[in-house]
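Below, chain A partners chain B and then partners chain C, in two separate complexes.
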Partner chain A sequence: MKKISFSKALFALMLILLLALAACSGGSDDEGSDDSGSDDTGTEEGTDEGSDEGAEDEGGDEEPAEEDDGLYSVEDFAPSKTNEGEAIEGGTLNFGLVSSSAFEGTLNWNFYAGAPDAEILAWFDESLLGNDEKYRYNNDGAATYEISDDNRTYTFTIKDNVNWHDGEPVTAEDWAYSYEVIGHPEYTGVRYGSDFTNIEGMEAYHNGEADSISGIEIVDEKTLKITFIKATPSLLTGSIWPYAMPKHVFQDIPVAEMQESAAVRENPIGMGPFKVETITPGESVTYVKNEDYWQGEPKLDGVTLKVINPNTVVQALETGEVDMVDSFPTDQYPDNAEMSNVEFLGMTDLYYAYIGFKLGSWDAEAGEVATDDSMKMSDVNLRRAMWYAVDNNAVAENFYNGLRWAADTLIAPSHPEFRDESIEAPTYDPEEAKKILDEAGYEDTDGDGMRENPEGEELVINYAAMEGGDVAEPLANYYMQAWEAVGLNVQLLDGRLQEFNAFYDRVGRTGEDDPAVDIYQGAWGVGFDVDPRGLYGRDAMFNFSRYSSEENDQLLEDGVSEEAFDVEYRQQVYSDWQQLMVDEVPVFPTLYSAVLAPVNNRVQNYSIAVDWNAPHEISVTAEEPVVAE
Partner chain B sequence: METNNVNGQDQVQDTTKSPSGASIFWREITRDKMALISLIFLVLITAFVYGISLFLNKEEIVRVDLFSIHQAPSEEFWLGTDYGGRDVFGQLIIGTRNSLSIGILVTLMTGIIGIVYGLVSGYFGGQVDNMMMRILDFFLILPFLMVVIAFVAIVPTYSVWTFSLIMTAFLWMGIARLIRSKVLQEKELDYAQASKTLGSSNFKIMFLQVLPNVTSLIVVTMTLNLAANIGLESGLSFLGFGFPESTPSLGTLLSYATNPQTLEYRWWIWVPAAVLILLLMLAVRNVGEALKRAADARQRRG
Partner chain C sequence: MWKFIVRRLVITFPQIILLSLLVFLMAEMMPGDALSGLLDPNIDPAAIEEQRIKLGLNDPWHIKYADWVAGLVQGDLGQSFKFKMPVTELIEQRLVNSFWLGVATLIFTYLIAIPLGITSGRYNDTWADQMITGYTYIGFATPLFIFALVVLWIFGFQLQWFPTSGSVEPGMVPGTFEYVLSKIQHLLLPSLSLALITTVNTVQYLRSEIIDTKQKDFIITARAKGASESRVYNRHILRNSLLPIAAFFGFEITGLIGGTVFVEQIFGYPGMGQLFLESVVGRDYSVVTSVVLLFGIASILGALISDIILSLVDPRIRIK
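The block that comes next holds the complex of A and B.
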């Protein structure tokens, strides 16, 4: 029968189509925020950036014995690659830039906006100042510095052998020039901010009232002196702009046109270990070694960087298409932990996820938060009970296989110096949560199983959570279930997850807080600088909870005062602040996170540690990457 | 309109009355094994999902369970669990019911709107027809998917009903055009003209006399539309503009496969839904084809 065979053919065809449809990715890319480098305000992050998913294949066949609980820990990973075998002369490294979209190609530190561009920049241009594992500038970089007695004036000396790729020396004038460009009234980038206005004379220059910046003095060809208005320990953790700009290349280009110029887009030069050879816009960049690199000639002949889609990272690594990637989606780790041709490097991410409570609104006129005591979430007991009600350990272990872990204070383990481990934050205890609610007067008076507020009115808490990332939905549901279990009626705002940008708009990124939001689930990528003023200060727009108090103001101010140059004093201040946040619960942290970077076995001397700055030492042991067995 | 069977027996038994539509359809479907199997399958699966879901606790099924994430199929979870520790089998049942409900609702609503619109437009003709068709053209040129996505984003509550209404708003044009063109022919026929001469109201001619004569066309089109509409919901959900995961549908189950890990290692989450969508659409289509043949004497097999 002809008809039947036609149906069968159709069936087969549709099966193929369906498989193809399913294979096409809807890859969740929620890297919606710009990484603004040394910006100490932190960056908005998707709650689930990197689309992390707790995934343990119970039916999996080859689980090593020691990992039979399916859990991993950041402690299991080293930040540096172990070296095996003999390095060969030269060789080319293949670097994968994990991104589901093309890179923008604004290849200058002064103008770039997206995180992918920063990865590309890092290979050919570098900071003049090195930093230690505590994120502080040290004297190991291409320039050294001295601080005056009043901590306000910094004198930098660029080392003699530091040259641009075209052979011209990197001079103090080049460094000063990048300040002049960023501060220029016609500057088109995103860098100009409080870090720059803290330089003497910068605002006058920016407003066009002065031709030069009075606080920046070029002492001689290699010596630069910068005077700041206010001395703060933050200066050394990223508030000094450490990138020079080749003035001899840019001087004839008007500032307004620089961002679009060929010197930024097509043939950028830097002072790093590799020179840009070719750029295929949005797709790949090839580099050759810079024999004149100030730390010595690189061991590699060159580097090829290409964009890899998050959904094909595993395949690209297995086949040796790339030797390493900038960030590996941790949700794919459990299924691929056994990949034979790579070593996974890992360390703590500069990141925490949190639940925030709306305690007020933004007063645009005064430019500060307006805390309101009559908000739905204004009762600290309610907030603390909600913290006790959720089991972040279970979330971390089951959704993230231990690659995220329960958080307790608002200073992440990426800043061990200021993090106070001794603070006792609430942990999962639903009975305690119920007790607190009972005592605070939140009781079920109408017998519907849900608590009413102390006035006896129905209490419905609107919860804003963002989509993106694979476990966003079950995670949000889990939290609501956990709160329901202690009798709190928490409903998802609009009954669904919010899109990344809509979420932050409604939470208050522009200062127009949506009054419908009572609580929200967000995440911060924190900067090198521990100073939390940008996220919790009275005048911080990003203080989404709109919490403020005299004590908080005082502690945050003390943390960046001159006394805070004394590390012990600063530790005490931030310890007090962490305790205050645990007591007041304007937000509570939920999870800290690990970052993973797989590296091919042939690669040597590579590291993802913060104080690592020896890209010229990277070498390979074979011409071709090792392929997975 | 129907040709009588030349079979001798039939002629002896009944030479004046032509066989009823239902009996023609039944004869057609029994001659086509594929269509028969499809019909049985459809009836069974519909009865099954609507029946079973009466006894299933939806709250329980969409409840996130941290301690049973990604379980492979077992006795406790017949089709394993997804990344929220939720039972895939239960989601499949409720999902199929939701997807079917949407398909049927959308088909019915587009059918009703389309029929009335087409009837009025075709019957009155002239300026009325001209104007109504231009309005229809306007709806036709709207970029369907974009507009639906925009609507999905702004509706405050998202349920089977709102979803169906949004879809209906942009899917009634095809059937309206079809009915109109048929009615344009039909109203010129003697019976319609005669009725008009005898003073029947327009309403009566349209709905009681012309409409029954285009029924076969309506039934066939709507059945074939049903198959498309089930797929439409799945497609939108797959793209992320369908239901939240707390309202399972075949599309949301399928969309789990966008995760490469799920696609590669956890077939039980998405394969059943994919197969079911396929079978449902094929089955509805097969039945629709049989109906189509039954409605058109030239294509009939028996």
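The block that comes next holds the complex of A and C.
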């Protein structure tokens, strides 16, 4: 008896082993095709390899963009929801906050740090200043402003009907209080920076030398005057802190303890269209409408926000568990483009990905970059050749189904006002790349098929790339193959992808750049303000390439000078700067991106456009979300 | 026995210190810190640096460790860098959820294991036994995180029998009957999927133990005395076979901790496991060390409980 049982168990075990083996061999097949891609050289294989990876959607056919083979474009999407049917009275909107971790619950604009908290905040508290589609503050928000002749003094007037959720009016004092808290020596958030030190008297107040901020004047209950040290057009695109803080709630709480207080975590109030009703820490928030909202009573009865795991976003949308989500993984779009119960809204993301070249190090004492002409990547011809060698169009089509597209300048299409379309940046041309390298003296002198540097020494370029998503590895491989195809020996740093924190540590987040990194692949989400000083300025820690030049300094300064209030002048400055970056190639942009937002069919009057500020207008056409099919 | 318990606790003390030191050191060695995720051109790096100094993130590890231990002795686990609140408060919020998840899982584990184990042990090598052992082998072979995802997809999204994320329906008022009901409803799917996988060990143990016991001499004696078959099984065999199960109980708790890390992540259930994972990813050291310490204490207590239970149910075992 025992024996039979044993043999049966053995059989079962064998079956499982067989399954496991089958699964393993499936995996190694994939690896096989990867390897074969990297073995042959030539210019074709890079793109072929790419289409292998994207084969799921494209069936591996070789037709480029013309054929309808699963390619999309950001132009196919509208930023605003089309309205169908009749809206019902009231209703509750279900909002999904996509996050693999619980939200932090720091529910105050002055203290929040994580993006999830910002999403929660946006429903119940809002900026006093509205902005137009060019990201400039306008007078459509809860407050209006006037600028003095010297552009340094701003007078803000809060509209009369703007009240906090507890019925108290939002006053100039509340707004000034925000500045006092952020500038306070014991402030525990991360907002205090150059935007604040640019206010007259702020540094004295921050250092404890003054009891008040001399540049901030409360004229009357609803009028606030702020004087800045340096007038710059950036003030209007986000350098003025537009959030007020209810002083009557916070005044008795010491600044150091505000962050953990109940007024921030448990029962926060704001001035937005919805009031916080309940908070289940880390997982959900419910809101009810604020009938006293300054733009009018919201049409919805309330909003329910809950955290959705990134793995289950699609299912949550299909089953109508949520009407919309704060961020949708664009790489899941091709598989779900036909989802019947949602409409995908889309627009250009404030984003670009780029390849950066290490041109120096960070001088911590001077607090500025120390560009070094003797670095491996110091030759601009080498950098330009590397730009010519990669086919970003193919990357965009094969890895991202056209939802990302090849980039040319460092000002993304999200800022059309300052982006100069006429600049001719290098595009894929391996022959040109080889020519540049030949002329610059990078030649293969020892016959191993790889170019040596002009001194005849072996040239191995260490490439730092970040892990993350399915695309990261094939993408890094593609770039390396493309460079190999023009004779450059580029190797992954440590032979593997870097984890996020390790990557930025080595690239130089703390100023301690790892000299082993020669080039790196990064991406920036850019702010409303077009000013690139924070990323490319001489004193910018985030200027990871450590590039600097007199001309660059000058252009960046001109871009935020007083003359730059003249838009045409500023456009010219930034056009020159984009050209300079194309000429000097301290980094080269690789891809721009689209942002997609699926919204349930029952939702009306919703938009992801930057100048949209009518959350009170959102309505629904049915009590329950529409379910797929 | 009290002597034994005290002695065990005294022995575990250095273990916990060593554990905390190891965890602290490893956490320190991870690249990045709690503020390094804030790589945002809109935030001034100088402001971040200032916070780093204020929070003491730039201090050498031994000073940080000493600070942490000093706080610990006073019952203060420090401040979470990420959540900006006291770690004790944070853990309190999460521990409740994890505790109920653990209780529900244990209940399900034994609810499944005991009948299955008895059936397959009593009627070994029958059709039912084959089915049950088949299930246990599949259970052994299935990774929990895949199983949980499949369960979530089928029962959560396809059939929509259970809620798919969170620990409670948004907007419920704590203390009401609906709140408790909603809590239980949110517990069912994660605890069931965890129990279905972890229970297979217990089923196997019970099965082999019963098969073993039923060939013992005292069982033959019992039968010879004319005891009914059900009496033989319920009184004589089962009681003796449950011994190793009781001994296993402590390890069950340890296993649960590992399991909850996956399950809580997949079901978006805010408990200790999820807290552990997100604080590792977010480099929230004070939370990581506190959570690991709690996990360590839980495992050690689990082992202790096992010993105590064993001494209670088996008079042959005497703890000295």
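We adopt the following convention: the second predicted complex is superposed on the first by the 563 of 629 C-alpha atoms of A that agree within 3 Å, B and C clash if a C-alpha of one lies under 4 Å from a C-alpha of the other, contacts with A are read in each partner's own complex, and residues count from 1 in each chain.
The working rule: a residue touches a chain if its C-beta (ideal position, glycine included) is under 8 Å from a C-beta of that chain, and two chains touch if they have at least 3 such contacts.
These numbers were taken from a predicted model, which means no experiment stands behind them.
Once the two complexes are laid over each other on the shared chain, residue contacts for A:87 go to neither chain B nor chain C. Between chain B and chain C, C contacts the larger number of chain A residues.
Contacts of A:280 after superposition on the shared chain: chain C is touched, whereas chain B is not.
Applying the stated contact rule after C-alpha superposition, one finds that A:526 touches chain C and leaves chain B untouched.
Contacts of A:534 after superposition on the shared chain: chain C is touched, whereas chain B is not. Contact with both chain B and chain C is seen for A:311 once the two complexes are overlaid on the shared chain. In the superposition on chain A, contact is made by A:335 with chain B only, not with chain C. When the two complexes are overlaid on their common chain A, residue A:245 makes contact with neither chain B nor chain C.
Contact with neither chain B nor chain C is seen for A:437 once the two complexes are overlaid on the shared chain.
1, 4, 311-312, 499 are the residues of chain A that lie in the contact sets of both chain B and chain C, per the superposition on chain A. Only residues 1, 4-5, 8-9, 12-13, 16, 20, 100-102, 104-106, 111, 113-114, 188-195, 238, 259-260, 265, 277-278, 280-286, 304-309, 311-312, 315-316, 318-319, 321, 499-502, 504-505, 509, 524-527, 534-535, 540-542 of chain A touch chain C when the two sit together in their complex. On the side of chain B, the complex with chain A involves touching residues 32-34, 62-64, 66-67, 69-72, 83-86, 153, 156-158, 238-240, 244-246, 254-255, 257-261, 263-266, 270, 274, 277-278, 281-282, 286. The part of chain A that touches chain B in the complex is made up of residues 1, 3-4, 7, 10-11, 14-15, 18-19, 21-28, 51, 53-60, 311-312, 314, 331-332, 335, 391, 394-395, 398-399, 467, 470-471, 473-474, 477-478, 481, 494-497, 499.
Residue ranges of chain C in contact with chain A, taken from their complex: 30-32, 35-48, 50-51, 54, 82-86, 93-94, 124-125, 129-130, 133-134, 137-138, 141, 149, 152-153, 156-157, 160, 164-168, 170-173, 265-268, 270, 274-275, 277-278, 281-283.
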